[in-house]
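Which chain is which? They are A, B, C and D, in the order written, and residues in each are numbered from 1.
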Amino acid sequence: MKKLRIAIVGSSGYTGGELFRILLHHPAAEVTAITSERSAGKPITDIFPHLAKLTDLVCESLDPERIAKKADVAFLALPHVTAQEAGYQFHKLGVKVVDLSADYRLSDPAVYEKWYEHCHQYPDLLKSAVYGLPELHRNDIKKASLIANPGCYPTSAILGLSPLLRNKAVDHRTIVVDSKSGVSGAGRSPALPYHYPEANEAFMAYKIGTHRHTPEIEQELSILAGEQVTLNFTPHLVPMNRGILTTIYANMTGKADTGALHRIYDEFYRNEPFVRVLPLGQFPNVRNVRGSNFCDIGVYADPRTGRAVVVTAIDNLVKGASGQAVQNMNIMMGFEETAGLRFAALFP
Amino acid sequence: MKKLRIAIVGSSGYTGGELFRILLHHPAAEVTAITSERSAGKPITDIFPHLAKLTDLVCESLDPERIAKKADVAFLALPHVTAQEAGYQFHKLGVKVVDLSADYRLSDPAVYEKWYEHCHQYPDLLKSAVYGLPELHRNDIKKASLIANPGCYPTSAILGLSPLLRNKAVDHRTIVVDSKSGVSGAGRSPALPYHYPEANEAFMAYKIGTHRHTPEIEQELSILAGEQVTLNFTPHLVPMNRGILTTIYANMTGKADTGALHRIYDEFYRNEPFVRVLPLGQFPNVRNVRGSNFCDIGVYADPRTGRAVVVTAIDNLVKGASGQAVQNMNIMMGFEETAGLRFAALFP
Amino acid sequence: MKKLRIAIVGSSGYTGGELFRILLHHPAAEVTAITSERSAGKPITDIFPHLAKLTDLVCESLDPERIAKKADVAFLALPHVTAQEAGYQFHKLGVKVVDLSADYRLSDPAVYEKWYEHCHQYPDLLKSAVYGLPELHRNDIKKASLIANPGCYPTSAILGLSPLLRNKAVDHRTIVVDSKSGVSGAGRSPALPYHYPEANEAFMAYKIGTHRHTPEIEQELSILAGEQVTLNFTPHLVPMNRGILTTIYANMTGKADTGALHRIYDEFYRNEPFVRVLPLGQFPNVRNVRGSNFCDIGVYADPRTGRAVVVTAIDNLVKGASGQAVQNMNIMMGFEETAGLRFAALFP
Amino acid sequence: MKKLRIAIVGSSGYTGGELFRILLHHPAAEVTAITSERSAGKPITDIFPHLAKLTDLVCESLDPERIAKKADVAFLALPHVTAQEAGYQFHKLGVKVVDLSADYRLSDPAVYEKWYEHCHQYPDLLKSAVYGLPELHRNDIKKASLIANPGCYPTSAILGLSPLLRNKAVDHRTIVVDSKSGVSGAGRSPALPYHYPEANEAFMAYKIGTHRHTPEIEQELSILAGEQVTLNFTPHLVPMNRGILTTIYANMTGKADTGALHRIYDEFYRNEPFVRVLPLGQFPNVRNVRGSNFCDIGVYADPRTGRAVVVTAIDNLVKGASGQAVQNMNIMMGFEETAGLRFAALFP
């Protein structure tokens, strides 16, 4: 059987490396091209020594025409703005695209421009892009040719809130999303806040009220709620490599009953291969999803305050990025959705 | 000058060791007795090798009468329930008490009984106990003979919320307190959740809606608000040794103006030696208070949602326990409030 | 094709969990039984929540006869001494055994008795056991029915020293082995030295001159050297979950030439699927083998002192335990040696 | 009493911040000037927010003449080469100098040039500089006007080896020094190897056989041995903020008797205020010296191999840099040697 040919575009960051790791074990796809401007001509193992003896691929510069000849699908692991153009070029050349940047996630170009401070060059392509959260948009993903892979924080927040909003179980004006992420979420470029002695034994909130993942979360929740959702989203930096834990608060519209709340989640996610609603009374820990494509969810209805408290855990580089990208590819290409993705977390 | 004589009762845990470290440098007090049932007869350096060459003290068992002869003040670093009796005995013997347990914090014995599942044996003494948060109760602390030293989470939450409630700047029915603590907060007894490979590269929420610090936070905020405050409090475990970062959300009663919000905090804490309201636009990081008695605070008024977002950082073992205990002792004994406490954080 | 049926005996520790994780992806084997005395009757996911949605297996107590009916191979992840009996029983019942404990590693029962302070009940079986380091004993492993899976430290030390001793490139009386291990090497039972706040931001040497892995290292090196090797082995505890880095020193018999030294390693390991001799001038980092079955090696010949410095890195739970156990099973059962084991490290 | 006036030259790195933290509590000295080219005109709290409310000092650019007017002693926390000139200038202006760089440590300019690849501009001043290890050179330090503060690794190695060499207890041709350092040792400038996700859950050796601290260690040991010592020194990077643990191996000239070995250390360091020879059978852990000026030492004589194994632990930023610098200043200025330095480690 001929395998699907994959290009990883922008391979030197953590999501690029993670795509490679995951695709190594994919039964029906194989990486045939990788690009990195800075490392063009060098083996990928120069950037990622952990891949030694597993691949001989050599990085090349980003030339869409050349790459289109050797790849059926391009994963874009580029910075935002840069991905706009690459997405457009590959799409034009008939290469399917899974874009891991933010460039095709916000359906309204004005919202994109406001939060990313760049205008969008390809509003038509943007219109046809599908927001790649399989649990919400599986049918659209099947027909997509350009998928906007969700951000890490949005994945954790939207999966946590979808059952509540779909069931009108909470007042959407009362939502607070408090997220905590490992440091790999900041990327691979060294900078003082991520310098080991500064980030270790440290904990802080950042970009309070202004983080760019806010409109993405609100866009998807507004669709579910049927009206504009505006909420508080606060990201924090945790001294660990991987993982996002998101704690969500919202006033319940009905009685605060944890059993009933749990049933809502159970039903909503019953058939989802990568969402694990934990048994009543249990709450997630990022260590249980480390390196895996699972999203773990725990819920509590507080009778004292009438609020729902929902906690979700994902690996920011897997379900929050590269794993979900492969899940999207699987759906789009008609593969088994779980192909190459049913590996366990690395614990401890 | 004769120094004040101090007994540390229950010295084998982290708060006991931290009391020792701090009091080593106190200009007017010195540790003259330390108790530990398990290590009676052994030098304190058996339990705390980092104190070698700094002290020759030997642990003894807890005999209030014997200790009363060599100590003017007793710091109780005992488990709750146990501290009830010790507090009573020392008080009867005329020894001033700073109790680091929860036993004398909740003024209503019924609330204590409900949350701690033990009844209170000394309701009269409880009535005379003072809740030792200097920023709120300095005058009462001056006259106290038994001080209930606040919990670590409550210190971080109450200091974050006091200016808002005193100024009626938020709707007290909308408060969400999301706290994140280093692992030393769980104490020094080994258990699976704190076993290194389980707690490292991990992050979780725990005791959602049921943590025993909840009534303590609500008690103090209710006094400030002039009516019963009920709120959501969610603690989380962070893979670091020390520090609590607390993120607080509440709906503002007036316009969401960060400048005005900042002024409220600035005024409220202007003369406080251990609260640092950070410059506008800056937010705290636990690394900047590690090992110090400071509480750092940053604020943001979100114009999109009308909510105040307040972030506080303390060292759970210092301002959240042993440092605050020494601060309380200083006030109670008429010393300079900052005596022995103006040391800088250990960074990095 | 009918898959090989596997029993994991003693499944509640880290090596048990890791065996499960690895075997999930094995093309020709599947876990059909797991034992845990304390968790008998409970699903394995109670002990290892990270395996949820990947298995429904329930733990059972250790009854060799019952297990022999549903398993072709038993992996023993039991404490030493306990494994002696289990190994014997399974062997008698015709079940192939891979023993991850130390019980069948030391060919001389007297040496076992001296270091483990228990006598060996089955010296005959011990005689037939094969020391399961594939790079040295592949042919014997093929014919084995009971394999003694090497210890984590010995794997890192022996792989680092074998090319030197086989080639008589160093004076075996001058060997110093300085090893550094992540905390998972200490197992999953909570104890004060591994309590998070004690092990984090900490680093120490332990069991200097007395660690039980010493005779195991010396046994294998003595075979290679053709005479009794006695050396210094010092283990250290590193604040990380996984990984062993071993730094080895020995006086070279000839000229200290790094190029020549590198060629010795290159030749020795050229055809080994799981040993990666790094390019000249590069040295290993445990992060590049985390979660993988690789052993990375870097070498330096110091012209100033005439000593060889060799550095090896493995994941103590994979190449140092469960991964190597599966590699041994593959060889013993006639499978492709790399079956189920060619996964990449989880980086970062 | 007028306090000694201190200038910290080059204040933006970790040793600069640490000097500030320590000197805050010094009874007889105070910081009156701090320089930082990049932050000139800004308050020091911009660089070190943990010092807020403890100082109002503002950074200035390095102008020796201006600084000489307000400082009696200058601590140089500059990169090597740069410190040569600054040391010379301050010395000429009659300001006493404690240089934390390597520029005045190697008494032979040719050795400096070989290892640092720059020639030394001030060989005469170099000749008069004193190597500031108080345990070896206390009398020279008393009379010094320019002190070369030892490197962090050399402090840990030399203190570990001095008693052995002074007593001719080991063969100096057999010394192996295997050191492990926390990441703050690499300084405060972000770079990929110290980027949190690269340095966390990682462990590696680096600069094997070529680290610049090698000649410094050999210089001091050669003086003690009375002949040229050449040894192996291998540094490693540990995922923690602070601390160096050094494990030393050497062949004993006499019988390997741990009791006798321990007595040698006990005698050698009996009167040293900052060296703690641990009780027989105990070994150091960096956590017990974190933030303190102590060096902890444990020893073992291996009867199997005839080697001495010595383990030392220091805080690389305190006894390995800023604390030792203050200790040197105390000696040089005729203060109590322990003034401002008898603080306990921060544990946990």
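Of note:
Keep in mind that, in the parts below, a contact is a pair of C-beta atoms (placed from the backbone, for glycine too) under 8 Å apart; a residue touches a chain by one contact, two chains touch by 3 or more.
On a predicted model such as this, the values are computed, not experimentally measured, just so you know.
Two chain pairs, B-C and A-C, are compared here, and A-C has more C-beta pairs in contact (counted per touch definition above). Of all chains, the one whose Cα centroid sits at the greatest distance from that of subunit B is C. One simple way to say how far apart two chains are is to compare their mean CA positions; for subunit B and subunit C this gives 46 Å. Centre-to-centre spacing of subunit A and subunit B amounts to 39 Å, using the average Cα coordinate of each chain. A straight line joining the Cα centres of subunit A and subunit C is 36 Å long. Annotation for subunit D: residues 14, 182, 184, 197-198, 200-201, 239-242, 285, 287, 290, 348 touch two or more other chains. Every residue of subunit D that touches subunit B in the complex is listed here, in rising order: 14, 17, 20-21, 24-25, 48-54, 184, 201, 241-242, 273, 276, 278, 282, 285, 287-292, 294, 296, 342-348.
The touching residues of subunit A, when paired with subunit D in their complex, are 14, 182-184, 188-192, 194-197, 199-201, 239-241. On the subunit A side of its complex with subunit B, the touching residues are 174, 176, 178, 180, 182, 197-198, 200-206, 208-209, 230-232, 234, 236, 238-243, 245, 247, 249, 283-287, 290, 298, 300, 302, 304-305, 307, 309, 311, 313, 348.
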